[in-house]
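Mind looking over this structure? Questions follow.
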């Protein structure tokens, strides 16, 4: 599991890669909250996430709620089929803003 | 594990894909011997083989020996690092003719 | 050796691991490979893997309360048209009535594990654990 | 929970499966994931996985002579700077002097398994099997 952040069009793009589970979700949570502390919109690139469980969902939900409290936008991009399945099970596909690509998410932020 | 054969430049090109182990090597063996019964040179595309064990090696050695008895050429192409490691351990990298690509193998056959 | 080994009732595997988060990848790999032996599709496998992972997480976090010195055993078998998973731990006995999902409409981090298990599996129940064990969660999923 | 759980001696997993070819993928997946927990590189992991797979094949083909009704147990633990694998079967006792590789210069199909095990592992020996078991092959590999 790796987390990487870069600035793009005034937003922070975080790319998550690997499997987000009880072992790795604390790192994801910390990384997302630290990225939000930059005070910019956050786009999470999910394309390389091969697995996510309820603890990974919890990390995303916490980042989403923190962003809202800070008045920042929070979006997911390029969610693969296995993560999308989990979002649908949790009915979070209607809560999270999900874009087909990072670029589409950035255009919407701009 | 899948095995596929096609004719190319008068040779038979067999593409193996997946993991060749004690479960799947009997199928590989049968497929290679059946392909040789066409009476043409054989090129085995190994690019999609993620794993091979001693039983898989045995299937290749048997096909190689059968080809020689029939006076047919037998070559391997695009052997990935994990299969190459096993060939080296078995000192078969010096026995098998190994080409970087199927095309290179076919040019040599022609 | 039979030609279609997995058409009926037979054990797939039993896996004992320390009940720790870093062992969950290994558990998922074993469950996924075993499910594939039954000729099911990859989304069916993904659903089963998630349910078992969530059940293991609950053993780690709730049954053992984060203590890192207990084991868990995951046992999988094919029973005719179902896959059966038993998850055994050696923690104190759990009150099954306390194991329940939260209300999904209440958006907050956490509380999804038991919900995932219930919707992804066809049957879920605590059963009598083997001698010396603490709890045994039995889950089955119909093979499609 | 400790921060570096795998710096010293600890059990990784114990996996019991029917001794059949179709269970080898599952065994390899478990061995590979467990080895990764020790921070080794992927070629080290690949070598270990091959050695364990070959040992399991020999249990299936030789110890059980192709009978499909016996189990095998693969146990992995970290012992300081080594990974230790024990492979236990419930077959009749094997004469260790008969378990040996063929001459490699003699090109023929077969006879490579024990050779792979010996060159890929640092130590290989039959040890006293647990009560009720048939054979126990103990293999260790130094962690690099």
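A few remarks follow.
The letters A, B, C and D name the chains in turn, as written, and every chain counts its residues from 1.
Quick note on the criterion: a residue touches a chain if its C-beta (ideal position, glycine included) is under 8 Å from a C-beta of that chain, and two chains touch if they have at least 3 such contacts.
On a predicted model such as this, the values are computed, not experimentally measured, just so you know.
Traced through touching neighbours, the fewest hops from subunit B to subunit C number 2. Remark: subunit B and subunit D have CA centroids separated by 27 Å (rounded to whole angstrom).
If you average the Cα atoms of subunit A and of subunit D, the two centres end up 41 Å apart. Averaged Cα coordinates give subunit A a centre that lies 45 Å from the centre of subunit B. Taken residue by residue, subunit D touches two or more other chains at 21-22, 25, whereas all remaining positions touch fewer. Contact with two or more other chains is made by no residue of subunit B. Taken together, the chains touch in the following pairs: A-C, B-D, C-D.
By the touch criterion stated above, subunit B contacts subunit D in their complex at residues 19, 21-23, 51, 53-55, 57-59, 61-62, 65, 81-82, 85-86, 89-91, 95. Subunit D contributes residues 21-22, 24-25, 28, 43, 46-47, 50, 53-54, 57, 60-61, 104, 107-110, 112-113, 115-116, 119-120 to its touches with subunit B in the complex.
Those residues of subunit C lying in contact with subunit D across their complex are 1-2, 5-6, 10-18, 20-23, 25-26, 29-30, 32-34, 36-37, 66, 68.
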